[in-house]
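Here is the structure we will look at, set down as structure tokens.
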Amino acid sequence: MLAYLIRRLLVLVPVWLGIITLTFLMRALVPGDPVESMFFGKGGDPKVIQSIRVEMGLDRPLHEQYFKYIVDVSRGDLGKSISTRRPVIDEIGDRYLKTIILAFSSLAVAVVVGIFLGVIAAIFKDTVIDTAMTVLALIGLSMPAFWLGLLFINLFAVQLRWISIVGPPDFPHLILPSLTLGFIYAAVLMRLVRSSLLEVLSQDYIRTAKSKGLAIRQVLTRHALKNALIPVVTILGLQFGALLGGAFVVENVFVWPGVGQLIVKAISQRDFPVIQGIVLLVSTTYVLVNLLVDVLYHQLDPRITARKGAS
Amino acid sequence: MEVKKRGKRLTGPLSPQAAPAKGRVSRLFTASRQLPVLMCLVLMTGLVLTACGDNTPTTASAPSTTQAVNTPIQVGNVSSFSTASATTAAATTAAAGAATTAAAGAATTAAAGAATTAAAGAATTAAATGAAPKKGGVLHLVIGEDPDALDPAKTILLTSDMINDLIFDRLVYIGSDGLPHPWVAESWQIGDGGKTLTFKIRSGLKFTDGTVLDANAVKFTFDRILDPKTASPALAQMGTLTSVDAPDASTAVFKFKEAFAPFFTNISLGYGGIVSPTAIGKSGDQFSRNPVGSGAFIFKSWTTGSQIVLVKNPDYKNLRQDDTNKGGPAYLDQIDFAIVTEPGTRLAALQQGSIDLYSLDPESASLIVKDSNFNVFQWKSATNMNFLEFPNKAPWTDAKMRQVIAHAIDKKALIESAWGGFATANANPMPVGVAGWDANNPGYSYDPAKAKSLLTELGYKPNASGMMEKDGKPVTFSLITYSGYAQQKRAVELIQANLKSIGLDVKVQIIEFSSLQTMLKKGDFDLDLMRWTWPDPTILSLLFKTPGWTGQSSDPALDAMLTKADGTLDPAARLEAVKAVQKRVYEQALIVPIATDWIIVGAAKKVQGFKWDATGYSRYIDVWFS
Amino acid sequence: MPENTKETTTPVAAGSLEPVTLEVGAQNTALEQKTRPFHGLRDFTRRMYRNGSARVGFVLLIVVVGAAILAPVIAPYDPDLTNSPERLQPPSMQHFFGTDALGRDMFSRVLFGAQLTLQIGVIALSIAAFFGIAIGLVTGYYGGFIDGLFMRLIDLLLAFPGILLALMIVSTLGPNLTNAMIAVGISSIPGFARLVRGSVLTIRELEYVTAARAIGVSAPRILWKTVLPNAMAPIIVLATLLFPDAVLVAASLSFIGLGAQPPSPEWGALLVDGRLYIQSASWLITFPGLAIFITIMGSNLVGNALRDVLDPHLRGR
């Protein structure tokens, strides 16, 4: 297991190298100069522009910057933001935590709501309740996240005035964005849980359990649900990437200071160190979460074991 | 058979189908897989109906405009301001000039409204209601992004500037007469033909960290900007300043290579904020996150991406004479800036009461104007300008071609559609609210026929479908602007339609500012819609002095005129020089000025005393809650 | 279970809203039965028709496709024709969906927007499918170094949330609709590549393929004649399920300001323009929103039905 974990973690190295290469390629190709765009063309003194370039190391050839960056990253130094001239890690750190919080709380909403509704839909298969659940799922699946977010704000904050939308990034201000994002992924999960549970319920061993006279709730919780959740867990990991992406959009609608807001700004300002930092962090998280999911998967399903040399 | 039976037994207890009472109902829906979808559609139809239903009263035109327009000071919940930073007559004549220029009904009356209120500019709503200001309370404000640095020397971002204004006091401020007035500096002398400025610094002033603000701190502040190591974006605003000396604690001597007239305005803005040398020594690079000045408010905290908190400076003695709150500290205990990127969310926050005051976009303005829960403040003679500019390449090097565009733009329709009526048509290459704005310029009229005939003179011929061709080849122009602003987007779409109606095919590109800048520099465009905000006539030099802000200007005759305007310290003489520049730019149609959009602020009813100063800073020191 | 299923079962498409529950395990059984369950096109259509949600899905998609094709005929106005005096009119008999801030007819704009949205979906998916299938076939069949190299590349692409990748590509290439399509296409490549590779891995070892190889049939021919047709069903299902995703990502790009350029009536762009009027003129956001909604729902329904019909392992739910 340990060897497997290490091998999976080693995958991160080529991913990091690839990302750094890609972002430097982007640096070379994207029009627009980060230092000049700081000045908005309003009489930026050439001397000043040059001294900022020197300070940031932007005056050196790109390949030199590339190798220096790789060395710096391997030391844990992500460089300095060009627009604020603060260390990238300071710029991103706090915000990144916020994005992760949002992603996980949405995931929690999605899991709780999705599994609950999915189980209900499966139990009441082909009834009004099932139908109603399907309706909900279809709506969730078919709505752009930012549209849903705006509708939520308009409904809960403006019309009903239940929730304050502006304020520090604390629990009350987490509710609406996680509901928005959570609802969409709950829809995904709900359908998956439903079909997965239906499949499990039709298996022989469940019938056996049933025929042994076990109470239906016991059958459901002790046998069926656990097995039904195996495919769900796999999807969760993959959905996490989508969830992070969704968080980027939703953060911009709500007042939630995550990296989604920052990267849009960084891209428009051509603040490459910040872009690189965010992309590195996000992809690392993504790889780690999927690793976690695989481990969880193996725990849940004893039939699959992690073997050495599995490719 | 057996299997089936078993299966049924399994689902039996789980499913309400087994219950006979529910059986019928559920059977109704069973196996009908269309049902979810049908329900979805019904739901959505409902949504549509509500969408159409509850909005019916909202009519197309912006009724608010007329409401605002016909009011000298205040009608309903709308107060109009016109604190133009113009020399005495300039503000009034400026607005009257707009009246003659604008073909638009709304725009005309708007400007007229501004003219009548000009005198009321300094008057606050508090004065109008006559109540005594109350102390205390937290004012909730909103900004659209994190500031880059709360350090006057390290930013030119408007968001940062607006907060720095509250933390840092400056040597002088610009009054509604367009002239500098004493603030931290008690008085000053101009010597050596404008090459030496000697400021007398008031004694007894303190930074909020308890250290003394004297001439040495002033010297430190400006030396820091001049030091290339600081890499200060404010350096360009210092013009020809070469050195600062502090012979004694109350004297600061500024030396220039040549006389530099915009200097007073420039140091009255956020860039000129006097910083605490002790605090900078202490926090170094982190000063921009822990700023210390001598202003009416003290920086307390900054939660990245979320909020910035300033608290009242209890020992502050307001030295500015243009405020109603003279001599004392601010009425408010605290100001919270929430950071909200999405404009729709900002509006929702205002309506909900999470924020007290918010600078509205035109879409929101029409809504808030109708809402009796809010007061609306309009600053009509603002210091911004929306205009079209050209590259330094054919066919745009020909003044006649530029005039074609000037005649083809329907400013009235643009103001109505792009800015919801909340803008003043502008004929001059300067913001309406800037001193020296030429009131007597009629501007190029909206005249598509004239534009077409000019095109014919230039050798363009319409083809079968009515689109213009030159030398048998169809022409297509690119119109660019920066992304992120709905007004800008609507404006370019309408300009595109305007030009199409005279037979010019235009492709629109809306690009992020960074990419746009590269295109502008390369001259890789035909028309560019731009918006500039600057409170001083030196905006003309910033825009047009060779090579121009985008590298697209080259007019030696104009350069000489600009040098004269920037080097003349006598206000009246300077304004004459400025007018000469405007005339030249106008005749050459170097740019096509379109409009100055109004700054519109929506505020909760309890907010009293809100006003702007001549350079566009909101004076929160005067604000109190009823 | 064979070891390589671990990787190949990990389905598809980071950034996909719809989990793609095609598993190679399931695929295997599907293949074994493949000789059986299909009696050609007629059987397929019959099954699709029997599937109620597929019927509704098809109707919805036909509405959208019809709107796209007939837009020039049925649109009452030029979608780009501005008319300031009639700005922000609520829905009426003259303007079914009302007018926008420049007085343009929203009904006509939404109709023409259908063309763009379908274009986005189709072009983006074609890009993704073309490269994804090619990579999947080659890596799955040859294995070894090429496989390792490409799979690391795919890992790299998968390490980005779809929208982040699209964001970076668009800001590199410049913001317009074509580049948005390319971006969405590229970010969907990994899904196809992994799916096809997984299928190829299992098909490769089947007896008739080994037999073909033994008698010296060339590799491209085997891939083209034998392997690809067998992998086609899941590819089609994946494409249908990724279509909504492409539409949503394109709309999100417009939301961030990196999508369609004006006066393009792309639905995402319409939604973004309308969002400031959510209270004062909500028809500006409601109708484009509904249009997106209907398109996505239609393709979701059809996609699910396709999966049910083409993938017998999951049929009957």
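We just call them A, B and C in the order they show up, numbering each chain from 1.
The definition used in the following text is that a contact is a pair of C-beta atoms (placed from the backbone, for glycine too) under 8 Å apart; a residue touches a chain by one contact, two chains touch by 3 or more.
Owing to the predicted nature of the structure, the values given are computational and were not obtained by experimental measurement.
Undergrad: With one step meaning two chains touch, work out the least steps from subunit A to subunit C.
TA: Each step joins two touching chains, and the minimum needed here is 1.
Undergrad: Looking at A-B and B-C, which pair shares more C-beta contacts?
TA: The greater number of contacts lies at A-B.
Undergrad: Compute the distance, rounded to whole Å, between the mean C-alpha positions of subunit A and subunit C.
TA: Whole-Å distance between the two chain centres: 21.
Undergrad: How many Å are there between the centre of subunit A and the centre of subunit B, using C-alpha atoms for each centre?
TA: Their C-alpha centroids are separated by 35 Å.
Undergrad: Could you please state the distance in Å, as a whole number, between where the Cα atoms of subunit B are centred and where those of subunit C are centred?
TA: Taking the mean C-alpha position of each chain, the two centres sit 42 Å apart.
Undergrad: Send over the residues of subunit A in touch with two or more other chains.
TA: In subunit A, the residues touching two or more other chains are 30-31, 138-139, 150, 154, 158, 252, 264, 267-268.
Undergrad: Find every residue in subunit C that makes contact with two or more other chains and list them.
TA: 171, 174, 257, 275, 278-279, 293-294, 297, 301
Undergrad: For subunit B, give me the residues that contact two or more of the other chains.
TA: Those would be 31, 36-37, 40, 344, 483-484, 512, 515.
Undergrad: For the complex, give me every residue of subunit A touching subunit C.
TA: Subunit A residues touching subunit C: 11, 14-15, 18-19, 22-23, 25-26, 29-31, 138-139, 141-147, 150-151, 154, 158, 184, 188, 192, 194-195, 198-199, 231, 234-235, 237-239, 241-242, 244-246, 248-249, 252, 263-264, 267-268, 275, 279, 282-284, 286-287, 290, 294, 303-304, 307, 310-311.
Undergrad: Give the list of subunit C residues in touch with subunit A in this complex.
TA: Per the touch definition, subunit C meets subunit A at residues 1, 3-4, 6-7, 9-19, 21, 23, 152-153, 155-156, 158-164, 167-168, 171-172, 174, 244, 248, 251-252, 255-257, 268, 271, 275, 278-279, 285, 289, 292-294, 296-297, 300-301, 314, 317.
Undergrad: Give the list of subunit A residues in touch with subunit B in this complex.
TA: 30-34, 36-45, 47-48, 51-52, 55, 83-86, 91, 94-95, 98, 123-129, 131-132, 134-135, 138-139, 150, 153-154, 157-158, 161, 164-169, 201-202, 206-207, 210-211, 216, 252-255, 257-258, 261-262, 264-265, 267-270
Undergrad: Flag every residue of subunit B that touches subunit A in the complex, lowest number first.
TA: 6-7, 9-11, 13-17, 22, 25-26, 29-31, 35-37, 39-40, 43, 140, 142, 145, 148-149, 154, 156, 228-229, 231-233, 235-237, 285, 288-289, 303-307, 338-342, 344-345, 348-349, 351-355, 483-484, 512-515, 517-520, 542, 549-550
Undergrad: List the residues on subunit B that touch subunit C in their complex, please.
TA: Residue positions touching the partner: 31-34, 36-38, 40, 44, 47-48, 51-52, 54-56, 58-61, 343-344, 347, 361, 363-364, 366-367, 413, 416-418, 420, 483-484, 486, 489-490, 492-494, 496-497, 508-512, 515.
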